[in-house]
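Labels run A, B, C, D, E and F following the written order; every chain starts at residue 1.
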Amino acid sequence: MFELGVVRRNIVRADRVAVDQLAKFGASTVHEALGRVGLMKTYMRPIYAGARVSGTAVTVLLQPGDNWMLHVVAEQIQPGDIVVAACTTDNTDGFFGDLLATSFRARGAVGLVIDGGCRDVRDLTEMGFPVWSRAISSKGTVKATLGSVNIPVVCAGMAVNPGDAIVADDDGVVVVPAGIARKVADAAAAREANESEKRAQLAAGVLGLDMYKMREPLEKAGLRYID
Amino acid sequence: MFELGVVRRNIVRADRVAVDQLAKFGASTVHEALGRVGLMKTYMRPIYAGARVSGTAVTVLLQPGDNWMLHVVAEQIQPGDIVVAACTTDNTDGFFGDLLATSFRARGAVGLVIDGGCRDVRDLTEMGFPVWSRAISSKGTVKATLGSVNIPVVCAGMAVNPGDAIVADDDGVVVVPAGIARKVADAAAAREANESEKRAQLAAGVLGLDMYKMREPLEKAGLRYID
Amino acid sequence: MFELGVVRRNIVRADRVAVDQLAKFGASTVHEALGRVGLMKTYMRPIYAGARVSGTAVTVLLQPGDNWMLHVVAEQIQPGDIVVAACTTDNTDGFFGDLLATSFRARGAVGLVIDGGCRDVRDLTEMGFPVWSRAISSKGTVKATLGSVNIPVVCAGMAVNPGDAIVADDDGVVVVPAGIARKVADAAAAREANESEKRAQLAAGVLGLDMYKMREPLEKAGLRYID
Amino acid sequence: MFELGVVRRNIVRADRVAVDQLAKFGASTVHEALGRVGLMKTYMRPIYAGARVSGTAVTVLLQPGDNWMLHVVAEQIQPGDIVVAACTTDNTDGFFGDLLATSFRARGAVGLVIDGGCRDVRDLTEMGFPVWSRAISSKGTVKATLGSVNIPVVCAGMAVNPGDAIVADDDGVVVVPAGIARKVADAAAAREANESEKRAQLAAGVLGLDMYKMREPLEKAGLRYID
Amino acid sequence: MFELGVVRRNIVRADRVAVDQLAKFGASTVHEALGRVGLMKTYMRPIYAGARVSGTAVTVLLQPGDNWMLHVVAEQIQPGDIVVAACTTDNTDGFFGDLLATSFRARGAVGLVIDGGCRDVRDLTEMGFPVWSRAISSKGTVKATLGSVNIPVVCAGMAVNPGDAIVADDDGVVVVPAGIARKVADAAAAREANESEKRAQLAAGVLGLDMYKMREPLEKAGLRYID
Amino acid sequence: MFELGVVRRNIVRADRVAVDQLAKFGASTVHEALGRVGLMKTYMRPIYAGARVSGTAVTVLLQPGDNWMLHVVAEQIQPGDIVVAACTTDNTDGFFGDLLATSFRARGAVGLVIDGGCRDVRDLTEMGFPVWSRAISSKGTVKATLGSVNIPVVCAGMAVNPGDAIVADDDGVVVVPAGIARKVADAAAAREANESEKRAQLAAGVLGLDMYKMREPLEKAGLRYID
């Protein structure tokens, strides 16, 4: 893990149909379907509101202040991929802007998740190219030191393997291991079906206390009502 | 203070008419009318721009990663209330989403202030249910440990008693003790009337230096002009 | 540097034509044209998205929780200026709101950059008066302690001299020393001309690896491709 | 709450005998005895390791960058008190140094808890005057704006009333409401007696799993062992 | 990865001899020997200065505010292990204190690395049981929700597999994959041998510029000397 | 300012006698003597307690993750200098360790102030080579990109010119412009003489309220005493 100077060309991507379904459920539902794991740190924010995408991860490990490997990863992108960029240390420099976005899109990428900075946000917003980043920064980068492409990385506190499914929206970024993407998509669908029914009841004034039958366990736990 | 496992059912809410007036002045004017106190920490941000509400506080003390008490507090909501959720420790998990919002709204709540995370922000934005939170997070929570409802809490650095008036907008969240809501609303109204006059003068090019008669005290304090 | 209690009235402003051109290139391009220096800390964020301005700096050094000097600086504003406000210590109080904005605009200011808090963001947004700040806060300030006006300051990690050119947009705030504003504007123009050509190639699927001739240096650095 | 410009001279202090006992149990045991509440934010750190004190709170609300009220609170100190200093906004300035420490000690104070900065740490360490603060800073302060003394405050996220018992050590700062200081001291004593027995068993190799009879509830919760 | 409710009993530990050697080189040398990867986030700090240990990782994934799994992991400790505790979300609660340390030591653990809070630091210091943590906190925890033991985790930004070698000292915490512990120990030894020679030269006044032959590459990169 | 790729060899250092005196007053007294300016951000902390030094600044601007220029600056060190290292962006990597310290000391440096990370803290502590840094980190750095030496920099929020006097201790790091070092040393001496007298009075129980004659201005400001 974390070997530097390596580009893996052949990776096994999560099932395309399953990955495509994840976007419609969104990050929070998928996170629950995964058993409440898989969420990146909450400092990862979209550069504009409203985007919701899912895709397969091509990963890249960057060095601080150096975006050389983003050019290397571009060649490994296939349609439907999301680039997931980690860095060997905390760094907010503007690794990515509208030129790289143009290139990534031309290769078929549907978005970028970067544990670093992003710039040209006005252009990216106009292009509709979604980015989740830890910062927005004009700070330029050099092209001097090797990182790696398509190795396992830790991005914003979450382990990501090449080919994993990624789902990202206003709520954050969730990583689904490639091998269980189908199962998670099914669980998310089941969960969502279930939610419509609950929503209707709650809207009608039914309390969660009753709908989820919480009164007895709360009382057992010692909850006391006083006037 | 901070007794766990207690739900107080009867609280004295601030005067409704006064509370309703606070929203139109906004957080900053009310904060000044209070004598420059009462503002929660500035990390409390609205999940979408442009909301401005006022209401009476029903309080809830949460445990980290546990939203059980949000279901308990739902039952205590009356029309015009704002739920104010504190936590026994710093935690950004997604305690609150669109299902709870549906329930809170059905009970008459006009918003939520939570020193924790919020999720389903796209749905909440579409619903127009305003939330001020310390984070946005998909991270799900359990229902295992008791907190309390309608006890005095500290939320984002500010003491809140059940029934206090809350006013929140893009500038932040301000707490007005229930007993002085009327007085504060009047002071805010006076302040605002006063501001229109000032705004007109400043727009006409009059300097604050002259309008507020600052030149003499600045000179006394030792201010020197050099060329 | 950092002498307190001083207002300098005569400052040498950067060349107006050059300064006006900077806005159209934006912060990131200007930052590159400067040789990748000059960017303020990334915690400086616009209070609303989409603003892009350039102007000449009038500087002010504030004391924590005290906005007295903002009234003093107002008198020194000339059309086309941007006020750059530093503080003697980290402070997020709401030093600036719609009244001061009205006054600044009446004097000809095109924006404010403040290493502190800002309030009345709804009003400022409606006015279209752009502010870049470290925080949004209702917290009011006093008028009790002297700072200075038009002395060299450090604002959000960047040294700013009175008269320097400032360019700010969604990507951040960049400072261009007054003496080289023309040269930087020319370099930014050249850079941008160059970018259109690159953008077209990348959009057509050409890789940065080939366009920038990176394959050989990457190989020399030891990059290995594996399957 | 939070009225500015007020000094309350008569406050009811927690029972002296109970307060004195709290120091020997330390912050963590007292926090548990309180039912796991009462701890200030963890950014409050001692300026030197190894101090452990308890005392009765005299409270002071400061303005940012202004230590005027620390001179006012000095007069209200009685032997055995700990000064608890809050601030109307986040501020790390060096409000307190060796001169004030000399004065506080002469009045009988046993320590200071300040949600702000402290300086002269070398002198304070030599004096053995313990301080818990959010920062260490040489930054000097002015004496220009009123706060209050002996009003309820929120210090580092915790509500403190004048007269409350405070216990502070390397683990942090805990607030015990004055009215229950005796009860809490007794509970802490019981807890500690209980711990010696447990410590001996654990040292002998008994597992908490068995000592606390956790195996069954863990199994019920679904824990699975795999090889 | 990140399956909850699972305890893996059989793990493959890194070679004991190699692991034991790592401590004598320290975190920084091992980090270099690894190719400049493997370091946890720098917020991980020792609770007292001067400790330096190496051991094999037994991992545990905690839930926020809940230390139940620390009792479960205790049973899996073998002599020479270091417990590495991750959490499903950022949390600073005091999961660990002197009782658990007594139990861990009785099982043979040589230290704890926890991406959470630690308490009883005075007792732990007296015991000489080293802990690296993100915070010190009295805040108590509950025992209500399952995590897992000996699954791959991300702790303070670094992926850790059960059995990996851990080396920790005042410089931080480094993770060495189990399979390459021997190779890394050898590389660290070579590196250190090399350093003595360099140190002697530098102490004698030889410049790194000459010793590392940097003058030519610096000149090629464009470095200019001016008077 | 901030020109990259430049080494200035001839700088004008502050008066040696004055600089040497500053250490005995310490950072806080010097900061006051400067008129309460000149302090670096409070995140700059000594790697061990108790050091107090003063010296003349040789400055260096680093690139993130790259310590090449520390070797370049070594050659410019003269006896009595303190190296002040800034970085073009926030970065906590371990730029500096015991080898560079050996070299710096051989050249006559009395310490390092670095707005970045430091490693080998155990060795540096044993050597007694004091460092003030924003972080401690094992993370290694590359030697690939030019910065500059002896240009004006901003280090931890404070502007530093080559040759300025630096005084650093447990309270922080203060920058004294070279041209006024003598004046500031004299003012610090006067201030300290004055403090002994005050300390004696305060120790005898005299209140600051009386010693500084604050009662009247407090009353004028509206302070009210209540029982």
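We take it that contacts are C-beta pairs under 8 Å (C-beta built on N, C-alpha and C of every residue); 3 or more make two chains touch, one makes a residue touch a chain.
What you see is a predicted model; the values in this text were computed from it and never measured.
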item	value
Lowest number of touching-chain links that must be crossed from chain C to chain E	2
Neighbouring chains shared between chain B and chain E, ordered by label	A, D
Equivalent interface positions on chain A and chain B, same or different at half	different
Chain C-chain F separation of Cα centroids, rounded to whole Å	27
Centre-to-centre distance between chain F and chain A (centres being mean Cα positions), rounded to whole Å	42
For chain E paired with chain F, centre-to-centre distance based on mean C-alpha positions, whole Å	31
Residues of chain A engaged with two or more neighbouring chains	36, 88, 90, 92, 137, 139, 145
Pairs of chains satisfying the touch condition	A-B, A-C, A-E, A-F, B-C, B-D, B-E, C-D, C-F, D-E, D-F, E-F
Chain B to chain C touching residues, read off their complex	26-28, 31-32, 36, 39, 42, 45, 49-50, 52, 169-172, 174, 195, 198-199, 202-205, 207-209, 212, 214, 218, 221-227
Residues of chain F defined as touching chain A within the complex	63-66, 88-93, 137, 139, 142, 144-145
Chain D to chain B touching residues, read off their complex	1-4, 35-38, 41, 88, 90, 152, 154, 157-159, 177
Chain E contact footprint on chain F (complex, rising order)	5-10, 48, 68, 71-72, 74-75, 92, 94, 97-100, 102-103, 105-107, 117, 119-122, 125, 135-140, 143, 145-146
